[in-house]
Every structure is written in C-alpha cells, then in structure tokens.
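You will see two complexes here that share chain A, one where it goes with chain B and one where it goes with chain C.
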Partner chain A sequence: MASETTTGLPYADRFAAIAATLPGQSVPWLRELREDSFARFAQLGLPTPRVEQWKYTNLHPLTKAGFEPAVVNGQGRGQIKALQPLSSLLPAEEPAHRLVFVNGLFRRDLSEIGALPEGVRLDGLGEALASEAESLAPMLGRAVRSGDNALLALNTALMADGCILRIGRGVSIDAPIHLVFVGAAEETALAFHPRNLIVAERDSRAVIFESHVASNGGVYWSNPVTEVTVEDGAEIQHYKFQDESLDAFHIALTEVEIGERGRYHSFVMTSGGRLSRQEIRAVLDGKGAECRLTGGYLARGKQHVDNTTEIVHAKPHTTSKEVYKGVLDEQGRAVFQGKIIVEKDAQKSDGHQLNRTLLLSDRAEIDTKPELEIYADDVKCSHGATAGELEESALFYLRARGIDETAARRMLIEAFLGDLGEDLASATVKAALQRRVSNWLAAI
Partner chain B sequence: MAASVDTAETVQSIAGDKYKYGFITDIESETAPRGLNEDTVRFISAKKNEPEWLLEWRLKAFRLWTGMTEPSWSKLGYPPIDYQDAYYYSAPKRKEAPKSLDEIDPELLKTYEKLGIPLREQEMLAGVAVDAVFDSVSVATTFRKKLEEKGIIFCSISEAVQNHPELVKKYLGSVVPYSDNFFATLNSAVFTDGSFVYVPEGVRCPMELSTYFRINAAQTGQFERTLIIADKGSYVSYLEGCTAPMRDENQLHAAVVELIALDDAEIKYSTVQNWYPGDENGKGGIYNFVTKRGACRGRNSQISWTQVETGSAITWKYPSCILQGENSVGKFYSIAITNNYQQADTGTKMIHIGKNTRSTIVSKGISAGKAQNTYRGLVKILPGAANARNHTQCDSLLIGDKCGAHTVPYIETRNRTARVEHEATTSKIDADQLFYCMQRGLSAEDSVSLIVNGFCKQVLQELPMEFAVEAQKLVGISLEGSVG
Partner chain C sequence: MLEVKNLHVTVDGQPILKGLDLSVGAGEVHAIMGPNGSGKSTLAYVLAGREGYEVTEGSILYQGRDLLDLSPEERARDGIFLAFQYPVEIPGVGTNSFLKTAVNAVRKHRGERELDAMEFMKLMREKRDLLGVNEEMLRRSLNVGFSGGEKKRTEILQMALLDPKLAVLDETDSGLDIDALKIVAEGVNALRSPDRAMVLITHYQRLLNYIVPDKVHVLAAGCIAKSGGKELAHQLEKEGYGDLAGKTGAAA
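Let's turn to the complex of A and B:
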C-alpha cells in the first residue's frame, strides 16, 4: 500500500547511519542502488495482508520484535566459536565446498572451500562488494524480475554479505557446494539480509545444499535473497533445509532465470522458524528450459509456513513440474500459493503442479491458492490440491494387522511424504529428508 | 444433427443482426433526473410507495456506497464507469419488437417446431415482446392460480413489499447485507425490481419458475433484486434470464440474488445469461456485476447454482453458498464462454460452517478470440465443519492464441476431518478430435461447437430440459468466428 509510508521497522529508519558502514559505500552506483532500494522499501512498507501476495501471511510480528542490524561497522554481532557443535544439525556430511555464515556474515575461519575446478569462483559477497564491486555489477540483480517487492528492496539496501558462486562455461563441480547459514541469537533481536549470487554459465553443472540452522534458538530475522542464473544448457540442483530456531523469522526470496535447455531443480524442506516464507520465482526464458520445484513442510506449535512460487513460461517448449506436500499438527498453519504463468508465445508449454496437506489437528490450517494464468493455447497445464486427514481405511488396515495406532500413523505420514524423496537425485538429501521427517514424527 | 445445425444458424442470424430489432424508442416514461444522490433513492422509493423502513435501508446503503471504492482485484479491464452519468429510475426502455409470431420468419418457426420448443419459448427466442401478444393475462393467471393453490408466493419484489412486507423485511439483506460490496451496496440503494418467491413448508413447486412467466415484470431494470425463500421441506427450481438476444448499449447491470433454504429444503437456480456481449471489436456490451448468494440455513438443505454465461462484455459474478445447516449441500455448475473482447471473472464461494456439509464445483471455461476468462473461487472450511467435503473441477479450453484462461482458486481448510480436493486443467481443442469431426464432413465451426458441447456436458446436463436445448445452441453461437 503505497499510501502507508511508515516502514514498520524501527531500525530501518536509521538507514543512513547503517548504510554508511555497509560494504561498497565508496562505489557510487552501489551507493545509489542501496539508496534507491531503500526509498522503494520506505514507499512500499512491509506488505500487509491487504496485498494479494501476502493475503495469508501477516508480517505484523516483525514490527514488534524491535530488530537491530546484525552488522555494525562491518563487524557481526552474535558469536559462535566453532562449527563443531553444529555438525549434528547439518543435513549433509558428505565432502563439500563449505561456506559458513553467522548472522549473515561470511566466516572464512569456519568455512572449508577446498579445491575447486578451474573457472569456478566461490567466495563471500561482502569482501567482493568492498574491493571489486565493478566485477559484480553484471551479476547483481541479473535474475531479479519482481518489481515491487518490499523485502527484496530492503535486502538490496542493507545486504552486507552472502555468497558468490560463478561456474564457468562447461565446468561441472562434482562435490556439492554447501552454504550454511547459522542464526546466533543475541539478547537484542537481530536482523540480517544475506544476498547470494549464483551464475551457472553455459553447459555448466553444480549441486548446491543450503542449510539454515540456529546455534541456540532465540529470536532473529533472516531475510535472504538468492539470485540464480542458469544459462543455456546448464543445470543447477538446489536443495534447501530450513531448520531455523522455532522463534525465528525466515523470509526468503529466490529468483531464478533459466536459459535454453537449462535445468533448475529446487527442493525446499521447511521445519524451522516461527514465521517463515520461501518465495521462488522462476522464469523459463529459453526453449526447452525445465524447472522442477519440490517442497515439504512440517509445522506444529504456532508455526506458520508459507511457500509461494511463481513459474513463468516465457518461451515455447518449456516444462515445469511442482510438488509441495506437508503435514500440520497442533496450531500449525501453512500457506501454499503457486502460480503458473504461460506467456503469449510460449506454445507447447507443459506445467503441472500439486499441493497436498495432511491435517493432524483440529486447530491446524492450510490455505492453498494454486493459480493458472494462461495466454497461449497450445499448452498443457494442470494443478491439483487436496487437504484432509489420514485415510481412515488405511489406518484400519494397519491396525487390523496388529500395528499400534501411533506407529500406524507415523507409517502413513512417512509414506505420504515419501514420494517427495523419489524425485531427488541426491542420496544425501534423501537421507537428510528422511531424518527430518522421522525426528519430527517422533514428537507426535 | 441437421435440425440443430439449422437452429444454430437461425438463432445465430438473430444474434448476428443486432440492429434489426435494435433501435430503441423512448415511450412515455417517468424518469428520475440523471445522476445519483439521496433524492434519486427517495424518488425510487416513493415511486414504489415503499414503507419507511425500506427507504431507510436504501439510504443507509447509499450513504455507505458513497464512501466505497470500486473493487479492482479482478482480472477485468474496463474504462471507469461514471455513476453520475446514468438514469437510475426510468420506465424500462422498450425495443421495437415484433408484435406477434406472425411477423417472424416462418422458416424460423418451422425449425423451432421441429425441435419441439414450446410456443412461448419460441416467442422468447425470437424476441417477441410477450405482453403484446395474445392473452398473456390469462396465461399469467393460470399459473398464478396454480401456485396460489399451493400457497406459493411468486411476484415482483415491489409487489411483495406491498403484500408480504413481513417476509421481505425478515429476509431482504439477510444473505447479502446492504454493506456487502460496492455493487451490491449500489443495488441495495437503487434496486428497482426483481422477483420474489416464497415456497411454504412441505410444498414442492409444481413447475419451473422463471422471470419469464412473471410476465408483467418481464422487463426488469438494470438493478434487479431477487429473493427466494424455500421454507422447511420445500422444493423450487428457478430459471433466470432468457436466451433472447438482448441488444443493449454498453450498460451497467448490477443485480443481487438472495436464496434462503430452511430445513430439508432445496433450491435449484439456473441461469442462462446471454446479454449483449459487444461487437467483434469489443464495442458496446453489458457490464454485468452480479452478487448472488444462497444460505443453506437449515439441516439437510440444498442449493445448486447452474449457470451458462455466454453474454456480457464483462462478467463479474460469484454465485455462492453458505453451508450453515448440518448436512447441507452446495453445488455450482458453470459454463463461461468468452469470445472476441469479452472478459469474464466468475466462480463461486463455498463456505462450510456446519457439520457434514458437502459442496461440488464444476466449472468449464472456454476462451476464444481476444477474450479473457478467469475462474475465481473460494472453498472455506471453518473449524466447526467436521467431515465437510468439497470437490472442485475447473477446466479451461483455449481456442486461438490471442485469448487467455486463468484459474484462481482459494482453498482454506481449518478442520482436520474435512476433505478438500481441487483439480484444474487447461488445454486447447484437441487437433485429433477436430480432424475426426471434419473428416466426417462437419465444418470447422460445427466441429468446434460439437467438441465444446462435449466439454461442457457435465454442466449442461444439470440444466432443466427447456434450458439445456437452448444452452447447447448458445455454446455454438458464442464461438462463432473463433476458428478458421
């Protein structure tokens, strides 16, 4: 709502003071970009449920937490000493090129980048912004398509660090790249805005694991923006596990651009956070481009999980497949908004989407909005959505065979979520998903 | 087949020659001054000799309306409407219509006969002004008498206000309150006429009721208000609109329909909407902003909406069911066809409040030419709606590469035991099917009509017999010029 000029975030009102300490302030275009973005954010304010895209997710609690910036004069607030105690929280143990971020700041001392193939650049964004901003100019904002997104604008204004990954032409990285974002809560609630820039040049290939974990619970707000460019013939597998603190806010935006014959496969598993949203906007911008979005969500207590996706078929012969499944217990609430747009000339597009939710409690709630917007005629598009409890007859079948009710329920829930794993190429991720699910089920 | 193709052609020719019967002669009419203010509202109310409470109700609505903004969330684009540049009360403008069937092309009549369309239906199709024809009074009286014997009240809402104020006062605005939305509020302030139906306890209405049979009010205004009450254990089937091609200028139509079903009652409401859609360049046509809502108040009550929307330049319409009573059932069957520059944003809302409530939604959208067709619907399961069931099926068919078809469902589930299923597909006319038909000698246009009718069958078969025949023809007519 353009008329509301208050940002709703007290610390954002001190933008000028904070901005002066952000990396790259001496670079005119970057300074200008931050200023413009902030002005945009100030104009838009935090989205309210009156904004259609935010109908089911109310950000009001953000305004009450009294957030402070996690970065002051280039120094991060919030301490963790070593990565050791966190290893149990990380989903993947296989050898990887690992970058660790604490409260949004890159920690070289905790990271193990290792040896990378020639033509690959993998590094922290903060230092690069400060020392060689020019080289980033073509990457920054490259994949961004959404115009008036307040939180994206806020991220651009305040981004202090993040990851740069550039994979050169035809290069294939064997070991996965593991980005670990650790939320370390302090007494004051901290907010951070990591920005990740990922470019896969022509015919290159990489697997990215993204973990969001908390070192010790508590309230903080992570507002990451990830830009992914998949050039012609390139392929990116992007697996994300969101295990933030149960008091934390996690509002993430991923913007993806996929070129001719390019492939992007995203998997997002959400089980953390008090209020979380993962928004993915993917543009299939070349013939034969393919996009697969898979997601799982588990919520209990008063957790609120929002998955919002938008897939744009901008060119002919493009394919998208989307499956999101989740289980809600207690007062858990989930939102799924999935939009497929087929543009005018994107003939022979194929887009399929499915959202299924199991409700285990009478106070759980699922709000689903699958949306098709189609401007071409020679297309095949479909979406489906279901919500309900466990099948009574299936439960009876198991009970009749002597399996107790709790075990039977767990078995059925595992089976319900099971097919999410079927599509996953990575065995590590499959195992990690299974672990998440059984940990979660153990508490039922 | 031959016969129906003929009809399609003949009816088509009626629809096509929009100027043939099109010019309007102003007959002596009492008109409120142009524009809209409290005096207009008072004028209308005074003209209708309304009781004080109704005037107050209208004024409350009007005062609220002045502070409201027109909704802009739909996928519709149209130039701003100047609400002050219109007459809100005028004796209906009448068209120069043929005076009797004698003036109709005998060939046309022959085709109708072949199809077995009843005489009065023929008049409607041909656009005959019914009250000018033979003994309409006696016809009306026959029906009225039959209904009166059963205790059924069927009259215009203005008459109901005079003769049955207690019923009107009790139910008017109880489903669509005057504050409901921009267009419903405007309607509440300035509605001129509409139908009123009351079916008493345990009575099964012996015939299909329709606006058409209520002859003297057949020409209703732009702001109709319809109120249907089915008392305990009763049943009524109501048909709205007629398939006669209306040849109107670009005009606003903002109606409100309220249905109330008490214990074990059933209301079946069918609409075939074929207002003038504008010409092939998108000029003219009706702006159709309609609020329709039914309340299943009683246990085991049932409301079904069946609509065939082929007309209007703009359709904004979401017939809804509030499923309050235990075991109540809501159904929505819809065909929306848009061609040329038509825009439709239509769908339904099913609000499940009571236990064991069930709803079914079947929506078929067909978009051709440069048209935009949107299904927008809400299924809401409230925490108390244990064992609620919903099944939704939305299919869109695209004909041509300049049109759009959109699906915007909202599904909110707040009860574990509820089961909600939603399916939607979008595709184009299958080339194999088209080839198959044409190979057997059908023209491209007839083939499309046949295929589309098959696509819509699930909805067409929900229509009462009389309507189904015409609706099938309309499907073909509406898509005229969309292929080849």
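Let's turn to the complex of A and C:
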C-alpha cells in the first residue's frame, strides 16, 4: 500500500512479480535497468501540477481508474481476433508494412510486413528483448535524456513490447511503415507501456505512420515512449493520428536525436482520448539538422489535449519550424507548451514556433506557453500564439450569401485548419487529416 | 418590393436610425446619400440581417413579408443581396468553392437543381467576363490579397451569380479609381432589370454619373431628410450636406 500512495499507480506494489515475467529478465543489464527505472518512478511518483512541465495537465484521474497491467506472464489481456475496419486507420489499400499491437503487444498474426530492402530490421521489440538484448543495448535509451521523467521511467521498467526499426546506411524504404496500436479494454482498466526504437542510419530514409485506435470503447492507459535517432543525412517523416477511445488516457513521449543534415518531420493529429499528452523532445545535434513539428488537435466534451515540445538547437545552422493548431468546442481543453533552446554554439540557427487555437465555446480553454531560451547571439527565433473565436464578420459575410450558419461555421473552421496540411509531404496523410476534420465537424 | 416604415435601430445601445421611411419598387434604383455617420451602412446591415443591429421600432416588409424574422441566410436565399463596403478577407476559403456553395444554397432554396462543377464553371465564365474578373483571382482565398477594385468587382460578380431581387450596394464606389468605377458601374447597369430593385448607398455623387438612379434620398441623423429625382444628387454635389444635416439635427 505504501507504494500506492507514493506512485499513484495501483499495481505498483506488485512490480517485482510483474517484472519477473517481462521479456529480457535473464539479461542482467536489462533487469537492472528495469529495477533502477522502477525505483526512479517510485521515488518521483506520477507528476502532479506542482511539477512545472505538468502545471496544466493533471494526471490525478489516472490514480482513480484502478489500472491493471495489460500484459501478464507475457500474455496480453483484452484480445481482438481481427483488425476490423477502424475508421481512423489509413486506407488498407495503401501499400505499407503494417505492424499491429493490441494493448501494447505485437501481434504477428494481424501484421503484414512486406519485403524490405537489405539492411532494414523491422520487428516487434518484445521478442528482440528476450532473444537478443545485447544487440539492443546501444539502441535502447540512446535518445532518452531525461532522468526526471517519471512516466518514461515507468515505461522503461514495464515495457513489454513495441516496434524496433533499424534502417541501414543509405537505405530508403519506399512503402511507409504503419504502426497500429489498438486499445482493447475489458471490464478492467488496462495499462500498457509500448516502447518503440527507431534508428535511421546515415543517409537513410523512411516514412512512419502511427495510428492509435480503440477496438471498442473502454478505459485504458497507453504510455508509449518512442526513441528516434536520425543519423547524419538521414530523413524520417513521422505521422501520428491519435484516435483513442474517448475514455482512454494516452500519455506519449517521443525523443528524437538528429545528426548533421538530418531531417525529422513530425505530424501529430489528436482527436481521441479523454486525457492525452504528446510530448516531443528533439535535439538538433549536428550542423544543418532540421526539425519540423506540426500538430493539430480537436477536442470537445471534457477532452483534455496536451502538446508539449522541446527543441534543442545544439549545433550551428540548425533549423526548426513548429506549427500547432487546434479547435476546441464545449468544455474541451488544450495545452501547448513549446520550448526552444538555442545553445551557445548553435549560431546561425533558425527557430520558428506558432500555436493557434479556435475556441467555439466560452467554456473551452487553451493554456499556451511558448518559451525561448537563447544562449547564442546570432540566431533567428520567433514565436506566436493566438486564441480566439470565429470571426463574426466572416460568419456574417458567408451567411449573407445564403450559406447557413452551421455550414458557414464549418467552412471557417476548415479554413482555419487548412494550412496544417500544406507542408505535409504525404498525400495519404493529407487525405486522412481532411477526413478526420470533416468527421469531427459533422458533429457541430 | 421593399417597404421600410418608421425604422428605429440601435447599435450597442446607441440609436442610429430614428424613424426611417423608404419605399422601393421593383425595377427601381434608389440612391441613398448622406454624410459619414448618418446611418447609411446601418441601414444596409439591417436589411441584410446582421447581428448587433437592434430594431427597436418600425417595420421592414420585403415582398409583402416581414423581413425581421429571417436570418441573414434566409434573406439571401429569398433574394436580398448586400454588396459589402469592406468585403471580408477569409484565408483558407477558396473563392471558387465559396461561390459554388453560395449559388447552390440559393438555387436549392428556389427549388432549382444544384449545379455540378462543370455547370458552375460555365456559369462562372459567362459572368466573370462581364466584370473582368480573371480566373487566377478565383483560385485564391476569398478576397485575400485582392486590391480594392478586385474586391468590389468580385462583389458584383457574386451579385450577378446569385441573381437577387433586391440588391443593396454599400459604398461600392469607395476606394475605386475611375477605370475600376466604370467597370463596376457597367456590371451593375447590366444587372438592372424590371423585376430587380437596387439601393445604392454612397457618399459621393460620382457613382451616380455612371449608374443613374430613379430616386435620390438624403439620409441625415438617422432619417430621410429629403427625397427627389436624380437632380438632387447634383444639387448635393454643389451645396454639400451641411444644411440638410443641420436641419434634421435641429428637428430631432
């Protein structure tokens, strides 16, 4: 019981028993890593609003749900038999290497990995942890910097599965890699902690789609951590659609390290989940490295959506561009925290950040916090944040042309979000974004 | 067509129109002139149904029906068109798709079949040439990056597409050079017809050299201070509004 009060996680006191069944327990360094990480989590506990980075997102509801681990003795709870058509998935006809995870566990039977170029390793992480942990040692934790992140520590302690993707030097993967995470809760609220490791070696390229969906409603908590290493000259496009159950919790952390001339483009669209957070921390760690973070969020009812980002310009001539836009209706609440750090050596760097939110109800709320920390003297950095309602003059103009109020509102909201898709290189994702927006607008 | 009786309107609690009477018949073109702040634009917005313009007294009948119960979109579909003094820029809404949506909303209301993309393009081409609006403009976001003249020409193009019964043109001449003014006036003149009424709101007589009205009214301090034929406009041009505005002010 003592651990319950300090960590806030109901099953924490059974960690030792649960850990014994996790993959890779026979590997000393891995066992030790899990134990240390759990001790770290037990010490920190779930972050409260007193922790600066969690000021606007209160995780207290997590402690009330009575979560049970989704993986017991290597077996997943909450099974699904087939990947039924889930509206939010990318079109099935889109050629892709598809990896399906149910409650965090890789399901080879539901997955479809096509022929991959030589030098590419794409698989479930759980088996790899069990059978070849040594080869993962240099990858695991490579991009993770934060020692004080309780949920990252918890993920490391309890990770059971996830995706491992290693793209060899100079290799381009043409078809996108589609990671489908399905939440399938039963009567019991389930928690899972997927861990994804992505390494793009020098001058390699890949496109990654990530879908987070629910096979039915239900309470579950997904706590994924994704480590991405983009080596010199490599390029990763990473598109994520979070469409979890409206009762679900989704707290995700993506850590990215980008080498010289490397490019990492991320797009995150959030419309699901009762309480969600997507944190991205990127380090531009080589001359000429580039990072683009784009995000959209749609929330209504009592949904809470948090986007927290930190971009570190560590080397000269690095660029970052960040645009987050969202629409909040009813009592929807959003948080945007965007930190840009330009280190002393990162001269001639460019960092631009923009957050815009449209509030459709006077009970909707956005907390937006841009933070620039600049230690170099020759840089170009800017940030902007706006929040507002639909413009009455524009609404009247459309209505004065015979367009009814609802249609006029939809047109203006679509227009507001329209430029989110502009910079996206993938037509598939553009179309998926458009569908997501029109589905959401249909309920207005 | 339009019967306005003893119209009183307040904006933010401030009385702006104070007993305005106006009667416009089908096929007629009326000019409403007046100094700044006399309530010209308020009249335009009240006719179009903008929120925040509160009618405290009086009535507006349009084709024999009470207009005040109708939403802006219902009025538009019933044939009322307001050409805005300041057309609103709406980034992200394509001009073409906006126009198609508007045309089809109006057609649907009239019991006409909605136009598909091809049919709409054809209609658009016909009307566009009349006003010298080029195709490239229509591909841009609505009114975004349009010059003053382009905005006004697009307003008249919208009017041509929507084929209204009552068109209210609010300061359509403002900000136009003489060439643009001629194009806009030609467009408006081409739309004059026996079953369409027009109300031209303007500060200057200049527009009326190109669009000759049947009647001219002077709006001052919230009501019609004087009405007459087209010669009234010339008189105002020479003598200014000073006298009329003063008289009404004293009377009120």
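Keep in mind that, in the parts below, the second predicted complex is superposed on the first by the 430 of 444 C-alpha atoms of A that agree within 3 Å, B and C clash if a C-alpha of one lies under 4 Å from a C-alpha of the other, contacts with A are read in each partner's own complex, and residues count from 1 in each chain.
The rule is simple: contacts are C-beta pairs under 8 Å (C-beta built on N, C-alpha and C of every residue); 3 or more make two chains touch, one makes a residue touch a chain.
If you're wondering where the values come from, they're calculated on a predicted model, not measured in any experiment.
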If touched residues of chain A are counted for chain B and for chain C, the larger one: B
Touching partner for A:S361 - first (chain B), second (chain C), both, neither: first
Which of chain B and chain C A:W29 touches, first, second, both or neither: neither
Chain B versus chain C as contact partner of A:A400, first or second or both or neither: second
On chain A, the residue positions that both chain B and chain C contact, one per complex: none
Interfacial residue positions of chain A with respect to chain C in the complex: 391-394, 396-405, 407-408, 411-412, 414-416, 418-419
Contacting residues of chain A [partner chain B, same complex]: 52, 344-345, 347, 357, 359-389
Contact footprint of chain A on chain C as seen in their complex: 48-51, 71-73, 75-77, 81-82, 84, 87-88, 90-93, 98, 101-102, 105-106, 109, 141, 158, 162
Interfacial residue positions of chain B with respect to chain A in the complex: 73, 381, 383, 396, 398-428
